[in-house]
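Next up: some structures, all given as structure tokens.
Below, subunit A partners subunit B and then partners subunit C, in two separate complexes.
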Partner chain A sequence: MNIFSRKTIVLGICAGVIATASWADSHSAEKLNPAVAARHAQMQMIGYNIGILGAVAKGEMEYDAAMVASAAANLQALAKLDGATLWVAGTEQGATAGSRAKPEIWSDSAGFAAKFDDLAMASAALIGAADAAAVGAGMGDLGGTCKACHESYRGPKN
Partner chain B sequence: MTAPAPQTQNFATGHIADPDHGQIVFTAAGCASCHAAPDATEADKLTLAGGHEFVSPFGTFYAPNISPGPQGIGGWSLDQFAHAVTQGVSPQGQHYYPAFPYGSYVHMSPTDVSDLFAYMKTLPVADQPNTPHDIGFPFNIRRSLGLWKQLYMPDSFVLTGDLTPEEARGRYLVEALAHCAECHTPRTPLGGLDRAAWLSGAPNPSGKGRIPNITTGALEWSDSDLIYYFESGLTPDYDSVGGSMAAVVTNLAALPAGDRAAIAAYLKAVPAIP
Partner chain C sequence: MNIFSRKTIVLGICAGVIATASWADSHSAEKLNPAVAARHAQMQMIGYNIGILGAVAKGEMEYDAAMVASAAANLQALAKLDGATLWVAGTEQGATAGSRAKPEIWSDSAGFAAKFDDLAMASAALIGAADAAAVGAGMGDLGGTCKACHESYRGPKN
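This part shows the complex of A and B:
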């Protein structure tokens, strides 16, 4: 999907490993397709980092420049993970347990990739956010990228 | 008794219509979510060509063209528009099916209806002809909707009593414009809203799963969680809004900030149902 630095790859792999471990922990009863499990891990990491920015925006967490910059940079890195190992053909909703991936991910792969680009851009815009108000101002765009992608490419729950 | 009531005359007399405010009414009421073409994106969503399909236990409804042209509301007067929106009666004097949420819009203020009409006249014209509804007997007898209206057209808001101005604004947004109850309140076998179970969740009419209970009996989100969700589409767990609610959040996010806070205040004031 993108050309990216060694640091990004390492960060991405660490993120995947940590999150997969915790996901596997909480869902030990189900044996998910490894690609699906890895995607869940990616989403969990995205959720975790957005959570930090959201807490700052909502005033639940005090603004901390290093934490905000780290969360935003992590999001950018997570958005740039190469999808080839993650969005493996045959892992759409209905074809394998736990997946809510719509077939459009594969039939419209350019559109799907563009959604991750949008997330990377909205995340990058938050890296220098100087105070809680600036974080709040960027969160609308950031949340909008989650929503836009889920609207088009994520299937319904159950 | 089942015939449509006579048409309103001289609706909102003396009010000078404000299309800018009409845009807020239009956004809050979510008109484009149902009346834009099903595949419309971004700016196309303001071309109200219709065609969106609504599957229900009574059959399949198709949203009509309501653009300001010959196929839509082009030749309508304000009185005709008001009668349609707030009473569910067409200019030809037929009852509309309540897939059109006139049971909520009945609470719309006359000046808002007038502003909404003025705004909608500024939108692009679509030439798309209307798709007839696919409804079986006996529901295809429109006259029977007169009985339905006698049973289910509300003459008052659900939440009554002393409300703060913010809660009152929230009530107007939730119960009238945004018609939240149309999905979040369970229905009787005849398709009317069960007002005793207001906003306590319902089966999803168009698919699997349930529309959630949004009374304090089940919803544990704080005011700031709710406001944040309406603005960003992110839940307190930082999952993002999905399904039909995604379009709703797009609209809510475009409203003045005070309106999102008002909706949150109203939801906290509604009776809790477990």
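This part shows the complex of A and C:
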């Protein structure tokens, strides 16, 4: 972990008030399969960091280079997590509570992995974003990778 | 994300039945600050991957090189996440619900970052672990890094 600057910490307060309900809050009653819970934690962290970049792009959070770089780098790292421990067999939608994972995740594992690669690349492109406009310019690609993966590999709401 | 082998997926079923209650399950009622929720998601994922390595070490899960490498690599990546977006000011224990973050995280940010570096190194050392005994041999160092950080930077239960 990088040591974070005081400036970043102060600006970071903004991140704390972004009104993104965490996944954990909204899916609290179920006892989840640990792999499913870990995937949800990964998605929660992805959503959190995208929320920061989105807030900067919209002008809801002041642009700060360190904060933007942190969010983008964390997104890249989260996208590059190894799937072996996360997308374990038998945890598709319908087989276990809370899962929206389509069977195609396993039957087309190469295609699925490519979607995470796309997210990693779109995230990396934002690491050097020099101002809010640059963040905004990269948000389309970033959001597109989320959408593309969800359309192909995520089932309907439970 | 690496493409995962069929063998890994099949063995991965074991990971799905490890009886590790997720953090999300046990702290469900509160509406958390998003930064706090993201930290909890990080810790949940760390705990999940350590649980896999621990199960292998104890013989509760069959040793599989890809699964062990995945868990260890993911631990390293999770430990290396940039703290700027996670440990935001104003989210210490007492200031916001669910937080156990001691003020020392901010007053001694270099020391705190070093603890994550220790976790990353102990995790990396397990990536090549060649059998269950080797995993077990590395678990002491790994667990020690958790304990050392929690003792210094985590407050009592809320």
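Following the convention adopted for this analysis, the second predicted complex is superposed on the first by the 130 of 158 C-alpha atoms of A that agree within 3 Å, B and C clash if a C-alpha of one lies under 4 Å from a C-alpha of the other, contacts with A are read in each partner's own complex, and residues count from 1 in each chain.
Just so it is clear, contacts are C-beta pairs under 8 Å (C-beta built on N, C-alpha and C of every residue); 3 or more make two chains touch, one makes a residue touch a chain.
Not measured: the values here are computed from a predicted model.
Peer 1: Among the partners subunit B and subunit C, which is in contact with a greater number of residues of subunit A?
Peer 2: Of subunit B and subunit C, more residues of subunit A lie in contact with C.
Peer 1: What is the contact status of A:117 with respect to subunit B (first) and subunit C (second): first, second, both, or neither?
Peer 2: second
Peer 1: Just checking: does A:90 make contact with subunit B only, subunit C only, both, or neither of them? Give me first, second, both or neither.
Peer 2: second
Peer 1: Report for A:51: first if it touches subunit B alone, second if subunit C alone, otherwise both or neither.
Peer 2: both
Peer 1: Is A:99 touching the first partner subunit B, the second partner subunit C, both, or neither of them?
Peer 2: neither
Peer 1: Thinking of the overlay built on chain A, is A:73 touched by subunit B (first), by subunit C (second), by both, or by neither?
Peer 2: So A:73 only meets subunit C here.
Peer 1: Which partner does A:156 reach: the first (subunit B), the second (subunit C), both, or neither?
Peer 2: First partner only, subunit B.
Peer 1: Between subunit B and subunit C, which residues of subunit A are contacted by each of them?
Peer 2: On subunit A, the overlap between the subunit B and subunit C contacts is residues 48, 51.
Peer 1: Help me check something: in the complex, which residues belonging to subunit C touch subunit A?
Peer 2: 1-5, 8-10, 12-13, 15-18, 20-25, 27-38, 40-42, 44-45, 48-49, 51-52, 66-67, 69-71, 73-74, 77-91, 96, 106, 109-110, 113, 116-117
Peer 1: In the complex formed with subunit A, which residues of subunit B make contact?
Peer 2: So the residues of subunit B touching subunit A come out as 207-209, 224-225, 228, 231-234, 237-243, 246-247, 249-250, 253.
Peer 1: Going by the contact rule set out above, which residues of subunit A touch subunit B in the complex?
Peer 2: Against subunit B, the touching part of subunit A is residues 47-48, 50-51, 54, 57-60, 139-140, 142-144, 146-147, 150-151, 154, 156-158.
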